[in-house]
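Got a structure for you, questions after.
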Amino acid sequence: MVNPLYLIIISLMAGFVLPLLDRVNRKLSLATFIGVLLANTVITGFWMHGFIQADLGTLSFSTAGFTAPLSINFQLGILEAFVLLAINLIGLLTGIYLLKKFNESPLAGMILFIMVVMGANGLILTRDLFNAFVFMEILSISTIAIITLKRTNESLSSGFKYMLASGIASIFFLLGVVFIYFFSGSLNLDFININFTDYRLIAVYMVAIALLIELKMFPVNGWALDVYESTDAGVATIISVINSTAIAFMFYKIMPLLPSNFLYIFGIIGALTYLMSNLMGLKQENARRLLGYSSIGQMGLLLASIIFTAGLEPVLRIMIVGGFFLNHLIAKTGLFWISGLIKKEKLKDWRVIRSNKSLMIMFGIFIFALSGFPPFAGFWAKWEFVKSLLAGQNILIIALILLGSLFEVIYMFRWFIQTVKGEYKEDELSIMPSGKVILTTLLGTLGFGLGILIMKNYYGFNFLFTLPILSLLFIYLIDFLPAKIKGIMSLGGLAYYGYYLYTLVQFENPIQILFGVIFLVGSGVNLISTLNRSEISKGFYGLLMMMIFSFGSLLIARSYLEFFLSWELMTIASFLLILRGKNAQKASLMYMIFSIAGAYLMMVGFGFAPELIGSSALITGLTYVQLPLISIILLALGFMIKSGVLGVHVWLPEAHAEAEADVSSFISAILLKAGIWGFLLVAISVVWNAPQFDVYYWMGWLGVFTALVGAFLASFQEDAKRLLAYSSMSQVGYIIAAISMLSHLGWVSAFYLSLNHMMFKSALFIAIAGVYYRTHTRNMYEMGGLIKKMPLSFISVLISIIAVSGVPPLSGFGSKWLMYSSFIERGWYLQAAVLFFASAVSFLYLYRLIHTIFLGQAKYEHKDVKEAPVWFIIPQYIFIGAIMVLSTFPNLLIKPLSAMASQYFNSNIVIDGYNVYSSYGHWNGNLIMLVTMGVFIVPLFFLILFIGKITKVKQFNIVYAAERPESPQTTHVAHNMYAHYRKALGGWGKPRIWDFWHGSAEWAHTMGDFFRRIYSGNGQTYLLHIILFFVVVFFLGV
Amino acid sequence: MIETLILGFILLLIGLYAMLSQKNIIKIILGFSIADTGVHIIIVSLGYLKGRRAPILDSAVDIANSVKEVVDPIPSALVLTAIVIGLATTALMLVFAAELHKRKASFSIDDYKELKW
Amino acid sequence: MINKLLIIIGIIGMLLILLPILVNFQSPTNLSALAEEYVRGSVNDLKSPNVVTSVVVTYRGLDTLGEVTVLFLATLGVGFLLENKKNKSTQRTVSENIRTTSSFLVSLIMVLGIYIFTHGHLSPGGGFQGGVVIASGFLLLILSDLDFKISHAILRFVESISGLVYVLIGLIGLVLTIGFLNPAILPLGKYGDLFSAGAIPLIYSLIGLKVGSELTNIIATMGSDRSSESVVKEER
Amino acid sequence: MDIFIKIIYAAISILVATLYGLILIGIVHKIYARVHRRIGPPVWQPILDIIQTHGRKVATSHGIMFFLGPVFRMAGGMGTYLFMPVIFGSVVFSNYSMAGDLLLVMYFIFFGQLGMALGAGEGGHPYSPLGIARGLSQMSTFELPFSLAVISIAIQYQTLNITTIVAAQQGGMLNWTLFTNPLAVIAAMISLLGMNMHSPFSLVLAPQEIPIGPPIEMNGSFLGILQTNRALFASAKLVLFMNLFFGGATNLPIMMLKTFSIYMFSVFIGAAFPRFRPEQSFRFFLRIPTLIGILSVIVIAYL
Amino acid sequence: MNSLIIIGLGVIMIAAAIFTIYQKSIVSAIISAGVISLLASVIYLILGSPDVAMTEASIGSALTTVVFLYALNRMRKEKKDDK
């Protein structure tokens, strides 16, 4: 093992020798510069390798021929090696990134850079407190000096502020260190063996506070923001990554000295920093400063994780802290680098990034990584961290962190969406230096690879769970192919996947097969409609397959983590798919925010859940554990958010409406079912162990009102897709309510409805997609009379809406019958009445849908409209066919569904031939079909026989006050069709939930704006913050 | 020695007060310098043992019994380092101040808040 | 006004926090174990009468190396920030008397400086103090002789070489596997001699040279006149 | 064989119900006329009207859906009627009630309405969708109290099977739901006013606002079928109410008596009140009748 | 004896510190801050740390003051040049 002193020696020698070399040749000094950084990286790499190969424990290296505590010693363990490797690697890469800059500026820049890295290395390695002080000074002085690499008023003044703050911090640190020596008689961390209680506390307190200041904790971090904003991108990187990491590591080293109550407070400060800086970031419009807020937040998170993982086993601790660290390291480095390439201050000007495809992808990767999405390290870290915090009952910390994380997601994704979707002019194009772009790409790939590494090696995930990611990558590679080829390949892949799951994985539970049909067969049929894409559709199939395979993974997940992983992958894919829509900025952002909020609820919910026994699929595994109430509530809420339950439904119409036409059907018909699947899993566990009827009673009400409100909202829409979206919300409400009943019949009806909804909603969305494809509008009042142009679409819509409405004889009635029977049987009478009301209201929107599009007066501009493309027609008729078959032979479905539900409940429906008996009534689908056909045929024949001569008339030949109407626009009753009803509802018709969420968002922004006023820009105010922070935190702790 | 310790604390606080209350950047740096001096005095006071002499073991000291005769050398060693570092910091601060002044020709720290929020 | 109040609160708060230390302060009666080791070791292992020097140069040699680095960085930073243009020749003249007196004084000061850092292990003082003395000599020169121009190149050279040798001396110890910066790479010699205590005098001399050149550099850079039209390029 | 007999029985049943419904309408017209101090048309006038409209040689059609609309409507009426037993204990009049229960009947009502709405929609006349919008809205509101009443009696009799419900009401007037569960009956009867679309709830046909409403474009045989259905559907609804709330009927005369009385109830109310504006009507149903319905459920289920 | 000296010195130093803060003339303030360091070095001597005393005297009082004055000089010059 190479002596770690060499890290210092090499850097110092280089530092001293560079001024001489530079006299000879600048090239030489540049080579030396890179050589030193490379040597550091290689050395640390060897250590890491050595530590991975063999468990060497921690090695101590002393100086001056004496052992510690006489002399200063360095300690090298796997942790040190890991952190050192990471920061030296970033140092090397950033050094390369800055090479051009260094070539043009004075030599001092390079030396200072080396010294920053050396200071960080020394700070991490040393065990001597005073030595740490020296290295800290090296670190901060070199950092401050290098800030002026970019020479502006701003960077100078921010450097000065930094100096003042770090000056005070170093005074505290020095005093603290000396007092520690005075009280304990040693400066070496390994030999300090007294407790710092009573008045001695101040010694360690001062050291800790100094580190917190240097770590830029809230609120003593105003100067740091200025620095991030004003300095060169590369320098900001090393401050954010190298500098902060070294200090965080130092904090880790002095942790054993700190009393536990203070540690707790520092942990809270860390979490609070995370929350506050992200809250304040909401209002930020300057990209660099935003990254500054984010950096500071991440440091807070890192600090909190260091403190609150103290009791964990080392490997897990490394997973958590190391995960956050790596994530921050890579994402923030990448983002800062990109900011250096973009050279735009305003967030919205970043759209020029679109001129460079790979940079844009990297930007996305870094943002996803920073937001804690799989497979990046932050995801795993957050998962384990929340779990461990829960084990320690630190609810407050979880709340702070998750809320902070949510804010971070909000501004990061707002930025991302703005960047990816914003219009940009060609002349804004800027040519990016390709070397730096490659470097950034390398970094992004590294981050991605690391995540995959954790996934494969630490957790040992099955191939199936990496499939979503792999498919994305694979299709990205063949993205140059035409859409049809990719589509057919996807279809083939999906078919094989389904076959593979069915035959080889072998479902443990028939319910899995049901949802497999919904997820995979449904997706497969829906996929046909995407074959209509004629262009290349870059990126589309990759994301689509990623989403579909994630559905599959959800089905077979065997642990909470597998489930959550697949869930998050699904969220990524669906978010990006929605984002593809033309005006989907707002929609996709809302989708992301709500998804993340839901995911966090789930994460906490899973954290509370007891460990699973064995490795069977979740649907079996969950039956062996008893979920605590809190877990049930959180999980159910998380899943309900994804399903768009009342109160959190606001994302749903936007996402459905703004997504591309053939994507909406996936979202509505299948994605919402993923929420249902999760909700069902929780319910299964509950049913099997201790039925929590109270909670589910209220969830039932929630579902019922979702159904009602969804139906009303759907009735008041002008936009066809929005109407269908609210209709989906309404239907999901039925399903949620039915599952919440926790009864046999309830579940049968929920299953029945889930499958039915998948079919008819797919058909409807695809039909509307066809209409949109032809008419280029989603506003129903702009259509009309299309029945003559698009008869096939009309028929499929007709049959679908009959199925939705539940009018006999189609399969919809089956679900209604099961539903009401189960509600009455379960004793949920009022709920049943509300549902009945909801389904009556649903006629309003269904009629509106079919009438305003297909009936009434045709518009002139649609006179050349043709039938929808065949690729849209095929899947519709597959679904329609399935609906017809299941309507005629309902037992095909009822029997297996009943069997599924009777795994958990005593069956109380009897199936006798075509008769289905519940304890309240009966229903014979076959006979109904026959009678209906009979009563339909009789008047039909009568009419055909006796009608006499039929005269066909032209469009406007109607009895209209003896006048010919002027135009279809005035004659087609479509706009605001149910105005009376809206009026009748009065105050109930106001969009209160929208107002609530808007208000909340507004409030958060106002709060962020309010708090960030403390950063007055005045260096002296920042000093005052520091002093007051010192005082207040001390008295809080005491 | 408690007297010097108190003195050190007073100087530290005066220095901090100056840093917080003075608008003139030179005065702020002076405040830092005073606080630094205070810290150094505190450190040296902590190493002092009553009635002992400097840790230089020349002929005037009984070498065999030296540990009973000299003051603690460690704080002195630390302060040596700290003083030099203090100088380095002060010099850098002053250069920053000078450069800032060059841009805006103002001594007041209130004039250097281009960046905020 | 609120600002003032907060400042007062802050300072009083700090006072309250620090007060317990004063109240509980007891002057120790014995050296700490570590200090005792140092005192003994300085005599026995290092043969250096000045314990502080032993601690600074040997036991905590890494600190000192770091400290030199900090100063080095400050020099760099100062130079980096104040990119000096050519000195403007000023018309002010200094009397011949002052000039000769000062050059005489300067040579005395230099000798004193060298004495201080070479005797660092024997008497109070050492590399830093000596270095400062040397720097003050140069300061005197700058003040008295306005035409005097210090060659930055030479300063850089001295600075670099002394720093490099310092590190190399440390490295020798590492290569000999007796420890980085171990002064025992040279014979320890006789207690109390000038050439004793191993490499301590050598190291201290190098430190003296380095500190001297660095400080001179700082002074020279800061003191040098800068023409007002030398506007540093702004990056925007 | 069985099936054929069943079909013949069903045909008889429908014929009787249709004629009865037509005569009921005639009677109502007569009563209105008398109230207005006119002589009025003869009671069989509706039958003559139907024959007359069917006799038209020419019919105007706006398209397939327009053509199918009346068919749907008629099928809806026939189906609704056929899925419930008309006379308790009678084989001929038990219809196809074994195909499903009360829920089926309630939902089959929508079948005809939906079909009619679609057919009328294709007519392209603005009054049609206006009328339909009103009709659907009002339907959704009066279904709420009605469904509450139905739920209430389902709880009361522990079944949704109409035959069983009727059976439970046998053995004297006091066993009728009217007396055993009066709240539910009140709620349902108010809904019936809406269902029958008599004043004050005659929003859909509203002569002064949107004359005739949805079927405005219907003519010839289309109109004839619609008129036929109107009679059949009216009697189907009455039979449903009779079965659920008034003890059903064991023979034809009792059935006629009971249904006539129920019908007269809505006719007299209609003659007495002026028409509501749409939103007034919606609000009305969502308030008092709904409250009564909820009360009836609560009383039956929890008290 | 030592205590008395120290208290005396201390009072002067504190006075100098306060003078530094409230003195309008920056040059005087810088000089008086230098005085504090100089007196501090006396205190170090009393506390048995001649090494520190030497360092403080040379660096703390002399060099620091010089650096301050130089910096001030630079700024002053700026002002003149500006006018």
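A, B, C, D and E label the chains in the order they appear, each numbered from 1.
Note that a contact is a pair of C-beta atoms (placed from the backbone, for glycine too) under 8 Å apart; a residue touches a chain by one contact, two chains touch by 3 or more.
Keep in mind the model is a prediction, meaning the values are calculated, not measured.
Engineer: Any chance you could name the chains that touch chain A and chain C both?
Structural biologist: Looking at chain C and chain A together, the chains touching each of them are B.
Engineer: Let me spell it out: compute each chain's centre from its C-alpha atoms, then which one is farthest from chain C's centre?
Structural biologist: D
Engineer: Give the chain pair, either A-D or B-C, that is connected by more C-beta contacts.
Structural biologist: Looking at contacts between chains, A-D has the larger number.
Engineer: What is the chain whose Cα centroid lies farthest from the Cα centroid of chain B?
Structural biologist: Looking at centroid distances, D is the chain farthest away.
Engineer: Quick one: most central chain, C-alpha centroids?
Structural biologist: A
Engineer: From the mean C-alpha coordinate of chain B to that of chain E, what's the distance rounded to whole Å?
Structural biologist: 11
Engineer: Nearest whole angstrom, what separates the Cα centre of chain A from the Cα centre of chain B?
Structural biologist: 50
Engineer: Counting only Cα atoms for the centres, state how far chain D is from chain E in Å.
Structural biologist: That gives a centre separation of 105 Å.
Engineer: For chain C and chain E, what's the span in angstrom between their mean Cα positions?
Structural biologist: Between these chains, centre-to-centre, one finds 19 Å.
Engineer: Going through chain C residue by residue, note those that touch at least 2 other chains and give them in order.
Structural biologist: 7, 10-11, 14, 18, 32, 34-35, 38, 50, 52, 60, 63, 66-67, 70, 73-74, 77, 81, 124, 126, 128, 218, 222
Engineer: Hunt down the residues of chain A that sit against at least two other chains at once, touch-wise.
Structural biologist: Each of 130, 134, 137, 141, 144-145, 148, 179, 181, 187, 1024, 1027 in chain A touches at least two other chains.
Engineer: On the basis of the stated criterion, which chains touch which? Give every pair.
Structural biologist: A-B, A-C, A-D, B-C, B-E, C-E
Engineer: Can you list the residues on chain B that touch chain E in the complex?
Structural biologist: Result: residues 1, 3-4, 6-7, 10-11, 14-15, 17-18, 21-22, 24, 26-27, 29-31, 33-34, 37, 40-41, 44-45, 47-48, 52-56, 70-71, 75-76, 79-80, 83-84, 86-87, 90-91, 94-95, 97-98, 101-102, 105, 107 of chain B touch chain E.
Engineer: Quick check on the complex: what are the chain C residues that touch chain B?
Structural biologist: Chain C reaches chain B through residues 4, 7, 10-11, 14-15, 18, 22, 25, 27-32, 34-36, 38-40, 42-43, 49-52, 54-56, 60, 63-64, 66-67, 70-71, 73-74, 77-78, 81-82, 122-124, 126, 128, 192, 211, 218, 222.
Engineer: Over in the complex, which chain B residues touch chain A? Could you list them?
Structural biologist: 12, 16, 19-20, 23, 25, 28, 32, 35-36, 39, 42-43, 46, 74-75, 78, 81-82, 85, 88-89, 92-93, 96-97, 99-100, 103-104, 109-110, 112-117
Engineer: Can you check the complex and tell me which residues of chain E touch chain C?
Structural biologist: 49-51, 53-55, 58-59, 62-63, 66-67, 70-71, 73-74, 77-78, 81-82
Engineer: Considering the complex alone, what residue numbers of chain A touch chain B?
Structural biologist: My answer: residues 130, 134, 137, 141, 144-145, 148, 153-154, 156-160, 163-164, 167-168, 170-171, 174-175, 177-179, 181-182, 187, 222, 225-226, 229-230, 283-284, 289, 1012-1013, 1015-1020, 1023-1024, 1027.
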